[in-house]
Amino acid sequence: MSNSAILLIHCPDQAGLVAEVTEFVHKNRGNILDLDQHVDRELNHFFMRVEWDLDGFLIPREKINDYFETLIGKAYNMKWQLHLTERKPRMAIFVSKASHCLYDLLQRYGTGEFDCEITAIVGNHKQLEYIADRFEIPFHYLPITRDTKQAQEERTDALLRELGTDFIVLARYMQILSDNFCRQWPHRIINIHHSFLPAFKGARPYHNAFERGVKLIGATSHYVTADLDEGPIIAQAVEPVNHRHGIEDLKRIGKDVEKRVLSRAVYLQLQHLILPFGNRTIIFN
Amino acid sequence: MSNSAILLIHCPDQAGLVAEVTEFVHKNRGNILDLDQHVDRELNHFFMRVEWDLDGFLIPREKINDYFETLIGKAYNMKWQLHLTERKPRMAIFVSKASHCLYDLLQRYGTGEFDCEITAIVGNHKQLEYIADRFEIPFHYLPITRDTKQAQEERTDALLRELGTDFIVLARYMQILSDNFCRQWPHRIINIHHSFLPAFKGARPYHNAFERGVKLIGATSHYVTADLDEGPIIAQAVEPVNHRHGIEDLKRIGKDVEKRVLSRAVYLQLQHLILPFGNRTIIFN
Amino acid sequence: MSNSAILLIHCPDQAGLVAEVTEFVHKNRGNILDLDQHVDRELNHFFMRVEWDLDGFLIPREKINDYFETLIGKAYNMKWQLHLTERKPRMAIFVSKASHCLYDLLQRYGTGEFDCEITAIVGNHKQLEYIADRFEIPFHYLPITRDTKQAQEERTDALLRELGTDFIVLARYMQILSDNFCRQWPHRIINIHHSFLPAFKGARPYHNAFERGVKLIGATSHYVTADLDEGPIIAQAVEPVNHRHGIEDLKRIGKDVEKRVLSRAVYLQLQHLILPFGNRTIIFN
Amino acid sequence: MSNSAILLIHCPDQAGLVAEVTEFVHKNRGNILDLDQHVDRELNHFFMRVEWDLDGFLIPREKINDYFETLIGKAYNMKWQLHLTERKPRMAIFVSKASHCLYDLLQRYGTGEFDCEITAIVGNHKQLEYIADRFEIPFHYLPITRDTKQAQEERTDALLRELGTDFIVLARYMQILSDNFCRQWPHRIINIHHSFLPAFKGARPYHNAFERGVKLIGATSHYVTADLDEGPIIAQAVEPVNHRHGIEDLKRIGKDVEKRVLSRAVYLQLQHLILPFGNRTIIFN
């Protein structure tokens, strides 16, 4: 059983930051398992991820946050997240009608590749309920009309919080979330866009890619912000296409890229390897 | 010594096109070396590339075009290009100050990978003249100011025609060609744009890619049309980047992608493997 | 509804082959939808795939084979396969304990990406029966011991023939098929090997890849022959790995490559795009 | 002007290593620019790369090594390399007749992408002397026969040492270095092998790849050890090939992969990003 702590830290750069943090861990008898740091020279900003073994660590886990704040965090004006690996991340999945990403996520969950709990599958259509059933995960049918959008989002938000959800994965969910909802889940909603952003934002990217005659099609996973398709990018990939491929082929090939890119983002999220900053992400991998 | 003929054909689709063309070659004792065809189902348009051995072919090479037109081309409303491999394509290269693409092209030329003649290297700056000298290729320094642009383009056009140039490669040439010049060389100017089009059109794509926090950077080779960065795409490629890469790293990594993508386009052009149609390209490879 | 015929042909090269075949189709009022041919210059051997619309084709479908043999095939010493797209290919899947490839295949089948019938899932272990149940496909538990191997293969062979199976997919099936069984299903068994063949043949390729310190790991799909891991290769892909990746990471990353490469081979098989010849494959794509 | 120090360290893992090293830098007023560490869980071995700014660092650069040994290195049984960025690495290049890798390296050197000195180009043939001349780098023609091999290697070794050479790049050098020579330059000779090792070791890898019908061809850069093609791998890459590609095409496509993979290894070497350990490499990138 994994029993370690992970700190994701960022702050304005200054001398001695790495030494301070490693001393904090070391003096309290924590053994560092992994350390990665990065300084953005243009922004003069410091980023760090450190993981250490909690066996024999002197500070009780419920007090680590306080001690870190008092001893280091405040003094250096740091922002940080603390994650304990003994707690499994809790993920919700939103779907509409397309099944490929949902199947892919559930398969990885079913085989233990994703070490998490799935709190709920939320669909604004009923079509994929049978897949949730096959995997024995609760499916919540929450249809949306223009009139019910706000109410549905509030209901969804309440449901997810009640279930102790940490983050949401939009697995080809074909509804635009309200600004308000996005702001409730900052850096906690992961979307898959079916193009290589910033090319082909918005709807029908495969049609647009076909029209433009591109030789590669791609997919982009990103955190959702109030600006559609503009949130921090987590992962991207492409596949070659050629003149033999019609729009249906682009969609077929694209589905594979979407699955790969979305599952990569979810994996990074579950491993606490992503540190978003402004409109970019630091991926400690 | 290669001694074959290549026909690149397109026309509205109808039954029997492949049979007609292959019969034309076969009845005149040409042996087909390579045949590839494609029908665009959405446009109902037919595309074909056929190469055959000219040894023993009954029609003299200077009359092939006429015979083909009379016997087949006219009847089916075809458009076509005829290329004889015994004639080496004649290429000009335009440069400004960046040397990586020029070096790469000359190296491939020098080692025989590109089977062509280089008629001229044209620079609007003098910086790269020494490279032309090293490879013993004539360098023409033709500087441009806003006032001299039209005159310079006319002079360049005259020079290239005098030298029997078939097509032009813009090897990171940092001048926008006039609409008029572009129209003089339709599907005969190949550019390399240092982004994965249609993302990051225009100037400073690496800066923009950095700002957007993309996880892949790319390059695009395309035919130049009057619409900047909008011509038919020939080849594209990408390379992964991450948060450790500053703008200078993106430029460094990008240079490699640019070289690869531009040389691929030139290779396809030299092998007569590209058939442009509307804003797309059929690559018979 | 698709209603076309596909011929996969090969024979010693000679002049006029393309013309003969296209004439055969054209004169009988078949419209060619797709044609691709290839001549191996080192072997002087000719390969061709042609697909034509059967609407209005003069030869009844049950006689196409005879007519083709009489009119062309015999004269040119051709070998060929004829496929009619109205008949869905019938595929069996063999599994042991690893679920990722099975899930991936079933998901593609479930979403219509694979246009085929699945006649049976055969397992030498019971572990994956529940997945077959979820997708409502008959699961046959046929355990193997050294003593029962021959009997089990005979039983399996009989079962598959009774179900009208066209080809078999080994989805990480951890048994070596007997030479005899392999010979019964020539070019009709597709395996996924979890390495970039010919590197790391045999068992435990990820361990061996780790030991060797490679920077890419791969997977290979191939037709099964009596020579283990030596059959004609259909598809290959790789993914980058680095020193951070332990053996479990290689397995995790490798699973994704395996899924991708196996599903690609199955897709090509279903579309009749593969022509095996000696120890190589022509992929008309 | 860059003015920093880089330590590449490895030792048996134990608690507090990162804290010790960062404290050493910090207490002596060095600002850490970059830190990356890795623990191999299977070998229980620790690896680290740390770079810090030397401006204001209290220990004079000529004494850093001594101080580090006394204060830390000895106590923890560390092995380490210290590099100062103010000193440009000094590289020699060995060639035979193939020019593509040599051209590629020189082009990167010429454009400033490689920040190093080239001490010599050594050829056992004269064919590429003109390229050295073009770039104004001394070319040493040192032919080899079975009888002169030992003498030539001794002469080469003496020459390289006299020129203060740090490491050697074999740019498609077609001679097998003696065990003795290899041992003189441990982890200081970089080779490019024209296959995806461990597939297709030895001579004629493209022929073997063609025979086996692989769908990807590759290249591998590695440190040279006495065991041919068995040294620690630094970088690998592949490119797709298909049935249309004859052996000459594989060679042509392969050249591009070779250039890319060799230049990547040289870049990593110049940036002191490689830490070899046993038969593997840690690449801090």
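Going by the order they are written in, the chains are A, B, C and D; count residues from 1 in each one.
By definition in this document, a contact is a pair of C-beta atoms (placed from the backbone, for glycine too) under 8 Å apart; a residue touches a chain by one contact, two chains touch by 3 or more.
Nothing here was measured: the structure is a model prediction, and the numbers come from that model.
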item	value
Per Cα centroids, the chain farthest from chain D	C
Of A-C and B-C, pair with higher C-beta contact tally	B-C
Euclidean distance of C-alpha centroids - chain A vs chain C, Å	36
Touching two or more other chains - residue numbers and ranges from chain A	38, 244
Residues on chain D engaged by chain C in the complex (per definition of touch)	38, 40-42, 47, 196-200, 211-216, 218, 232-238, 242-244, 246-247, 279-283
Complex interface listing, chain B residues touching chain C	15-19, 22-23, 25-26, 29, 31-39
Interface residues, chain C side, partner chain A - complex	99-100, 103-104, 107, 110-111, 113, 134-135, 244, 252, 255-256, 260, 263, 285
